[in-house]
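The block underneath contains the structure these notes are about, expressed in structure tokens.
The first chain written gets the first letter, and so on, giving A, B, C and D; residue counts start at 1 in each chain.
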Amino acid sequence: MQNPIKKLAVLTSGGDSPGMNAAVRAVVRTCAFMEIECMAIYRGYEGMIEGDFVPFNARSVNNIINKGGTILKSARCEEFRTPEGRQKAYDQLKAAGIDCFVVIGGDGSFRGASIFYKEFGIPVIGIPGTIDNDIFGTQFTLGFDTALNTVVEAIDKIRDTASSHSRLFFVEVMGRDVGHIALNAGVAAGAEETLIPEQNLGLERLLDSLKRSKKSGKSSSIVVVAEGDKTGKNVFELKEYVEKNLPIYDVRVSVLGHIQRGGSPTAFDRVLASRMGVKAVESLLEGKANLMVGIVANEMVLTPIDDAVKGHTKIDRELIRVSDIMTI
Amino acid sequence: MQNPIKKLAVLTSGGDSPGMNAAVRAVVRTCAFMEIECMAIYRGYEGMIEGDFVPFNARSVNNIINKGGTILKSARCEEFRTPEGRQKAYDQLKAAGIDCFVVIGGDGSFRGASIFYKEFGIPVIGIPGTIDNDIFGTQFTLGFDTALNTVVEAIDKIRDTASSHSRLFFVEVMGRDVGHIALNAGVAAGAEETLIPEQNLGLERLLDSLKRSKKSGKSSSIVVVAEGDKTGKNVFELKEYVEKNLPIYDVRVSVLGHIQRGGSPTAFDRVLASRMGVKAVESLLEGKANLMVGIVANEMVLTPIDDAVKGHTKIDRELIRVSDIMTI
Amino acid sequence: MQNPIKKLAVLTSGGDSPGMNAAVRAVVRTCAFMEIECMAIYRGYEGMIEGDFVPFNARSVNNIINKGGTILKSARCEEFRTPEGRQKAYDQLKAAGIDCFVVIGGDGSFRGASIFYKEFGIPVIGIPGTIDNDIFGTQFTLGFDTALNTVVEAIDKIRDTASSHSRLFFVEVMGRDVGHIALNAGVAAGAEETLIPEQNLGLERLLDSLKRSKKSGKSSSIVVVAEGDKTGKNVFELKEYVEKNLPIYDVRVSVLGHIQRGGSPTAFDRVLASRMGVKAVESLLEGKANLMVGIVANEMVLTPIDDAVKGHTKIDRELIRVSDIMTI
Amino acid sequence: MQNPIKKLAVLTSGGDSPGMNAAVRAVVRTCAFMEIECMAIYRGYEGMIEGDFVPFNARSVNNIINKGGTILKSARCEEFRTPEGRQKAYDQLKAAGIDCFVVIGGDGSFRGASIFYKEFGIPVIGIPGTIDNDIFGTQFTLGFDTALNTVVEAIDKIRDTASSHSRLFFVEVMGRDVGHIALNAGVAAGAEETLIPEQNLGLERLLDSLKRSKKSGKSSSIVVVAEGDKTGKNVFELKEYVEKNLPIYDVRVSVLGHIQRGGSPTAFDRVLASRMGVKAVESLLEGKANLMVGIVANEMVLTPIDDAVKGHTKIDRELIRVSDIMTI
């Protein structure tokens, strides 16, 4: 087969997630292996518009597989949402002789890529890099496993002090629209209750659960709360609510925040990134475009980007049930 | 449906693995949730033969989800391999009113469970607890993810010193019959080469790869070696071989050993253990027996124990290819 | 010498800190070694008033050296501040035949111990267990090193994402009255600026420093803020202030909170706890009382409790200078 | 005062240790702060002889404070032991206009520096970078705290599996001539016994201790062995010896090896490195030479290099006693 692709670019876009560097490395090295040129685009679509390109070879990505963040930097780019911005980006790619690109990011980044593809026909493959695990077409997004472990290690520490003082903690974790981190962390850290955007069982149930927990002799309680939970109260308001309605508890709050985005990626995320990077480049070389690489049943699969951004991976009902049983 | 099961037992058996405690907790709490009695059997089949049983309730397993090892202790038991030993075990279970049990362990433990089931008809469900990921019927065994991360963190440290001195390291990891830890760790830690039991590409290829690596300007190299690799040389002999045939390298050896078995389980292993524990108890309550719980495509599945112990999960050919590409 | 002490008690009191369990273990085992009885008092002075005592032997403290929190639980106790409360406590100790005790806690706990000693003559030795490092008479309090490492690891993660997005982060760490955690963490994590209670250089300087930092080409900035800093603004207000006055920065806030109190103690804290526990018991056996064990110049020293609670360890001026130089 | 120093160089030499990068950063930034030029010398004395110099400014050392190993690379250099080699080194320094230098390394590196100073009068200040803590004139060498924590975390993992199987482990740690890592790790990890070069209590005592341990009901035992212990047996021979003479134990061996040299430095080592780097540069600017920076009683102190290399920091007798008491 004649391979029309001579030069491939890679960028990271949107919120960063652990494993992005490992994915960049995989893309760059697969290009080297396939003997095509590779360009790194810095600062996401902003860098694409400004032509912030650097040629990368296999050695350019030495010793980054275990680094958090992204060496290519990332940014959210308003200008790429405009036709003028995208035209500039296209001109820059053409001027640099770039035939196609791999974008590592979340649904916002994918939407931009898809529009750009439809407008200019530049083949693009997406790699889902986001800690939220909220992309349709993959059972795991890049960074989810690392973020989950960061959360669980943090709650393990909080439990030490919670147990020592017989306290109740509300721990806020990331997840505006989906509760994957919260639900999995709740199960893994042995939380008493987990509040997620996908279901709102009401504040009454929370009080009941906490009452039962105290009665059963538990010495401390952790309630994991996703940012986007549907009780209508944030963690500080939940604290007040419980203190008022259930004064048997000494309540504290912890907002884990941005530590969840950083850190050296776990083995799982590094392997996943490596596999996705290879698959992304190979797919472009096979003439595919406007698709996202995902992992389903431990296999690499491709999903149209337009489908990927349409919905979220559903929360696992079985895991909700496991969570309920474990808190007895 | 009438539920004939009133009392369920749980034991850990064979080599320990991280996540066993989380699985014990899940079994115990599911029993509490289902309102059936639960007995803990200490020291594996040895404790079964000796009647080393302790009643456990939901609070007996507080604060163990994050602990490595197994609070129930584990042992390899010769006596259980004899009909007399198994008869004693059966008598003890009957005397204690135990109707069925969950065994958390590896293939040796499962073989014993299956024979016991065929002889005495005591329903048993297995949970695959072993770091080697070598059980058929599940994509991940309990403890594999934790062991893999332990290995990768260790190699990250070794790389620091390897890079500082431009050295070559042979790092031996666990895996007598299968190379899952070695292959995944090799990819995740950015190893130059990985030697696994499933394929023997010969020592020539190793030398070629190391020569190419040096030439390409890499400042250090890590070769991950599974215990059961098929080169016919252990890590110390590999060191000598390379020093003799490729004297450009300053070579060191590291045998990671038993640190791979311990440590607080990762989030993945804790969630997996919780799901498997629930599934195991529910399966027994549904009248099922002589099956192993596994995870396939992120779903809980059941496999006949006799099938589970017959083979290993095959090494992933795609991952071998990814590994090859990454070392360019 | 005739040893009048037959029974010694140990309690943890006030806020918990990592290493408390290691200190409890050391006290208990030293008693066993010296062949005197040891009683554990649960829940601090509250448990003392209520007679919540349990005899401990060398095996009672197996496998706790690496656990965060305190297995004896801790509490702040209002009743012990009253003469009636202390009388009850005395009666309980007498009834249980307890001759003396070791209290592991902070300055509040020590003040109570000293009053109690003066009223009832029960010999007491204090072990400074607090993450804040704010006790006079010791260069390091128990838990400080662990908390410091927890903070630094958290900031390392935050820096990953800060660098990827060229952001400025205000990170709030514990320290109401003293800035030891903040200053040391600032140096160790490479912070741009550190705001501590001991000095207020004003908001102008902060802006200057941030302007200089941006100009010098730094891609991200971390400002570590002790809870008790003297700018008059908390981290959220600092964010607003900088966004308004220095709009070149994209600013984020992270409040580390209670993760700083938990976690497995570092090697340093475990060794320190072991040494302090031995010294505390030996001092009581030598007839000493109302003293605190400390570490100065890597040696165990004793300081009158009344002196220990009077002041704080001063912030290290040389380290402030090091901090200033490093941020160039 | 007139400052004759215009250009300062920094190198790392000998075995690497965690914190070296933090020290390099501190030296470079202090030069920038003092407005003198700074040159990095790569690959230790080898690079000095070959003129492998690169000018470094404050930004050259961004984001290295948390990295293990040394970005300047290190090496042991035979040629620098010869007068000819040192002459070449001197010529290179002169050619590059380097007035003085800071060497970060162990006693071998310091001996070379001292000879060089006496021959050519180039002022040098040493920073003790070695995990062994075996340099006279400082209570802590750079990297010791990190290595100690790595060892303790590894033994914590080993204990998980040791306890699960009631096994005895011999764990070999670094320390050819001194037992600081072994003794501190033994105390911090709760080892049953610690074998160090500084004292040989004989194999009989080991057997007695292990017998007593089993009798007292301990479920597992860890014996920490420094490489240079004086029993005349290595860990594998110790295993055989105990298996033969005390067959009640199931014995395993773990050699921790090179993981002890790597890893992100602890907060303690990063702060220590920063302080030492500042002190080293300031001392050179004050006209001092042939001295080593150390930390004593938490203060920066200077010791003649010739004294520093003469002896080791003595093992702490009090800590040996603490170790003995804790193993009851």
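Heads up, the rule we're going with is that contacts are C-beta pairs under 8 Å (C-beta built on N, C-alpha and C of every residue); 3 or more make two chains touch, one makes a residue touch a chain.
Protein names from UniProt, one per chain: A, B, C, D = ATP-dependent 6-phosphofructokinase.
All values reported here derive from a predicted model rather than from experimental measurement.
**Q** Under the document's definition of touching, what chains do chain A and chain C have as common neighbours?
**A** Shared contacts of chain A and chain C: no chain.
**Q** Work out the mean Cα position per chain and let me know which chain is farthest from chain B.
**A** C
**Q** Taking each chain's centre as the mean of its CA atoms, how far is chain A from chain B in angstrom?
**A** Using C-alpha averages as centres, the distance is 28 Å.
**Q** Using the average of all C-alpha atoms in each chain as its centre, how far is it in Å between chain B and chain C?
**A** Spacing between the chain centres: roughly 39 Å.
**Q** Do you know which chain A residues sit against two or more other chains?
**A** Correct list: 156, 159, 163, 219.
**Q** Tell me, which pairs of chains are in touch?
**A** Those chain pairs satisfying the definition are A-B, A-C, B-D, C-D.
**Q** Flag every residue of chain C that touches chain D in the complex, lowest number first.
**A** 25-26, 29-30, 32-33, 58-59, 62-63, 65-66, 139, 145, 148-149, 151-152, 156, 159, 163, 184-185, 187-190, 216-219, 264, 266-268, 270-271, 274-275, 278, 296-300, 316, 318-319, 321-322, 325-326, 328
**Q** Report the residues of chain D in contact with chain B in the complex, numbered from low to high.
**A** The contact residues of chain D facing chain B are 12, 16, 18, 20, 67-70, 73-75, 150, 154, 156-166, 169, 219, 252-259, 261-263.
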